[in-house]
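Input: structures, listed below.
One chain, subunit A, links the two complexes that follow: it is found with subunit B in the first and with subunit C in the second.
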Partner chain A sequence: MKHLPLWRHELRRAGWTACSPAAALAATLALTAAAAAFGTARPQLERILLTGLEALIPLSAGMAAVAVVSRDPSRELQLTLPTPYTTTLGRRLAVLGGLSAALSIAFSAALALGGWWNGPGLPYAPLVWAAPLLWLTGLALLVAALGRSVVLATTTVAAVWLGEQLFATSFATTPGLRPFFLFMTTRIGVPTDWDANRAALTTSGALLAALALILLRRPERLLTEEET
Partner chain B sequence: MDIQITGLRRTFGKVTALDGLDLAVPGGMYGLLGTNGAGKTTLMRVLAGVLPPTAGTVRVGGHDLTTRTGRLAVQRRLGYLPQDLGLYPDLSAQEFLDYVGLLKGLDDTAARRRQIGELLDMVGLTDAVGRKLRGFSGGMRRRVGIAQALLGDPALVVVDEPTAGLDPEERIRFRTLLASIAAGRTVLLSTHIVEDVAQTCRDTAVMARGRVVFNGPVADIVQRAEGITWELVGQGPPPAGGVVVSAVSRSDGTHYRLVSPTRPDPRAVPVQPSLEEGYVALMHAGTSA
Partner chain C sequence: MTTARQTWAVTRYEFRMQIRKRSLWITTAVLAVVLTLTQGDRGPRHLPLGTPPREVMAGWALLMSILLPIGFGMVLADRLTRDRRLGLASLLESLPTGRGALVAGKYLGGLASTAVPAALVLLTAAAAETAHRHDPALFAWAVVAFALITLPGLAFVTAFALVCPLLTTAPLFRVLFVGYWFWGNMLNPDLFPSLTGTLLTPLGDYPATWLMGERALYAGADGWLEFLRPQPGGTTTVLAIALLLLLSLPPLALAPPLLRRRNLSA
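Let's turn to the complex of A and B:
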């Protein structure tokens, strides 16, 4: 493969950003261990583990995506190179997405093997994390591309995430919001419209990401001084 | 590669950074002098294909920079050192250059490694090749910057204020390095330091407020101040009228040198101008025009 060395560089260059999904997983395990130490019942523990997959790993991926598009000390140089900068951004996001996916799949498999899996049938397991991950990442990319501010983008993502957690009941009961309820699996379970919810999140997430990439094609958007 | 620019305009909202600029650069090492805000960086970004012009035509080596194919054709033969080149702190010089080389399309691993070795040698970084970039000094970073610009043997090298912030020794060393790479290619050096251009370029353009106000041999800039440069020894505050270029305090008073279209004081005597005074005269003529 001609571009293999470039992928290797991206992996190496990503550094700590690439580790954030792993940090989310570690936090989940720590939380579960702490809950178990306090004598929490098994179904609750299973739900905490599933929350790591559906909520924490996607949140960390969204935050890391903001860093990928907002912080690049060598950006101006790369805009002058024959490789389009959006291709490079795509590669970096793919590295992030790939690591998150690999981690999520491994974690799901470990839960299933250990008998701790409390989600949909295993063929659908990837949608538990992939749908919210794509949606939060798409939102993060769009706000980062629009506002060119790390603080604004991460705050928006965190606020939406927290809002959906705090007002889970409203999201579950309002017909207009239910398709965009990120945490349906952990907060409700697998109702009949679960597939529809996952499909809505996936398509709208892809749309947000596509919009962001179109915006990022305009170099002027990237060249003005970055806010912090 | 030669550069032909006519009527180039670039605006950012209400700010006009380039205001109908005309410039022709034949090749070799060429200076681009101008004060901060003159529009040098904007011009270089247009030449590097980063910023599309608002109006005007820009041709580099015959390629039209306003088209996608033209831009790509130029970028394949371009080396660019931005004014603030950020480096990835966790990479070594070798890794960073390898990464840039790949993005430039140098796919042959052995050839790329060989070229990186030669360039690191040329810029004097062989001893630091494995060290992480976070520990590099300003001068070392600039040398990594020029090494990456030269990857792929570009026909056009554009360097934006590469000597800013360097100590005098590093500055001299760096501009000598720049001059040494100019054989057989076009090197466009932007700077606000007159001396950098005087020591390395035969020809230069001078920019002010988004336009080219002078274009020609560096030595001709001096002529702009002939007959309007004065020296005056005074005790009090600097004389009004004209631009004071230097003020040196001696036992008999303060020796002022100033550029002024009229004799600023009956005691003032005309003197042979320096390059800097020529530059000041040029800038000053631009303001009153």
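Let's turn to the complex of A and C:
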């Protein structure tokens, strides 16, 4: 309980950055409404709603994670405190992850209750968004720590996201790329190797995030190359 | 000091600040190499020998337009918001330079600094193609393709990337921009209501289609908002470019009052 004010502070501090997942879902609903108004068939609408979970929430979390680790006006002060700065960063990332997870679970539940859910069985539903979220966030953090540049990290996330959308067929049919296909549920459905795909994304995502946090333990990695 | 001179001064400094950014060059180089290597059989690298240079360079310009503006949007997203964060907003407010000149200068400087690496990428592609195809006209067509395909889209992206973060914050803008780029430029309009293939597409679909002599991506294709997808040709190319340049103006006009509200609310 004694850490509660700290968590509340981090939640308030996150500000507009924490709104990214909510904005992603709002955009999903707006696109679905527009598609429905133009007579798009129901299965297609269900797929758009699922895209919000599998594609847009992870994208927003990855971009927001870069902002979390790259912006802190009192970074030098943080480094002098007894609490390791990586712990503080971890707490801030946990706030972001928690918000994204809460929104995604609420959205999935709403879709299931409304009969609009078109994904795997509900026990596996969190893997639709959690696996790509972890992978994109891990990648974003690692590039941010290695490149020490917001532009490089956000562009990398954007390029990978767009690349997997544009070359979805190649990712789906190339054996070496298929385990790392972020949008398998919305582009293919739930094939027999869906579990393997989610496991590969989750494991490699956790590895990328762990590598990034190890790098961020070195104070010089926290100093961005260009002002952000 | 006239407004024009003030704008020119801001433009020069903004350009010099941006052009020295390490991330601008690394991002451009990485994206250009990735696009070149992953372009597939339909890419300009695989066009047969004897293909008119106009088509070859239009293909390269369109290929680079798929991802390069994403990197440029990321670079430009904090250019107007950073002054307040760095504590410079009140200092800039005290200068004789008006907010209009500041915004115009930052816009022109930002546009020029992103146009330079984009132009260099196309000239590099032209040099590589010249070694392969032995046609020096490729350089001239690289300049034409840059002016017709790359630059209008860049003018559009620069205006929105500078001003939208004043409303949304830079991190949120970056997310929305990537989503918009996919939805508004590359999503098949026949499958889903989108702005892809319309006159408002900053990817340069209409100019590329006109230069290539065949549909480049979705220009003029069937789908949602069909009245915005007229038959591609010379007139519609001019119209598409004019519309993109025109649409760049509202955000720029909105920027000075937004900056005023933002700077004075501190």
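What we mean here is this: the second predicted complex is superposed on the first by the 222 of 228 C-alpha atoms of A that agree within 3 Å, B and C clash if a C-alpha of one lies under 4 Å from a C-alpha of the other, contacts with A are read in each partner's own complex, and residues count from 1 in each chain.
Operating definition for what follows: a contact is a pair of C-beta atoms (placed from the backbone, for glycine too) under 8 Å apart; a residue touches a chain by one contact, two chains touch by 3 or more.
All figures in this text were calculated on a predicted structure; none of them were measured in a lab.
Using the contact criterion defined above for the overlaid structures, shared-chain residue A:T185 touches neither subunit B nor subunit C, since it reaches no partner. When both complexes are overlaid on chain A, the residue A:S108 reaches neither subunit B nor subunit C.
Considering which of subunit B and subunit C touches more of subunit A, the answer is C.
Legend: residue contacts after superposition of the two complexes on their common chain; A:E76 is shown touching subunit B, with no touch to subunit C. Of the two partner chains placed around the shared chain by superposition, subunit C is the only one that A:S20 touches, whereas subunit B remains out of contact. Overlap of the subunit B and subunit C interfaces on subunit A comprises residues 15, 73. Interface residues of subunit B facing subunit A in the complex, by the touch rule stated above, are 45, 48-51, 72, 75-76, 78, 80-82, 84-88, 90-91, 95, 98-100, 102-105, 107, 109, 148. Touching subunit B in their complex are the following residues of subunit A: 2, 5-6, 9, 12-13, 15, 72-83, 88, 219-220, 223.
Residue ranges on subunit C touching subunit A, taken from their complex, read 21-24, 26-27, 31, 34, 38, 66-67, 70-71, 74-75, 78, 82, 85-86, 168-172, 174-176, 178-179, 181-183, 186, 191-193, 224.
Contact residues of subunit A toward subunit C in the complex are 15-17, 19-20, 23-24, 27, 31, 34-35, 38, 40, 44, 48, 56, 59-60, 63-64, 66-67, 73, 147, 149-152, 154-155, 158-159, 161-163, 165-167, 225-228.
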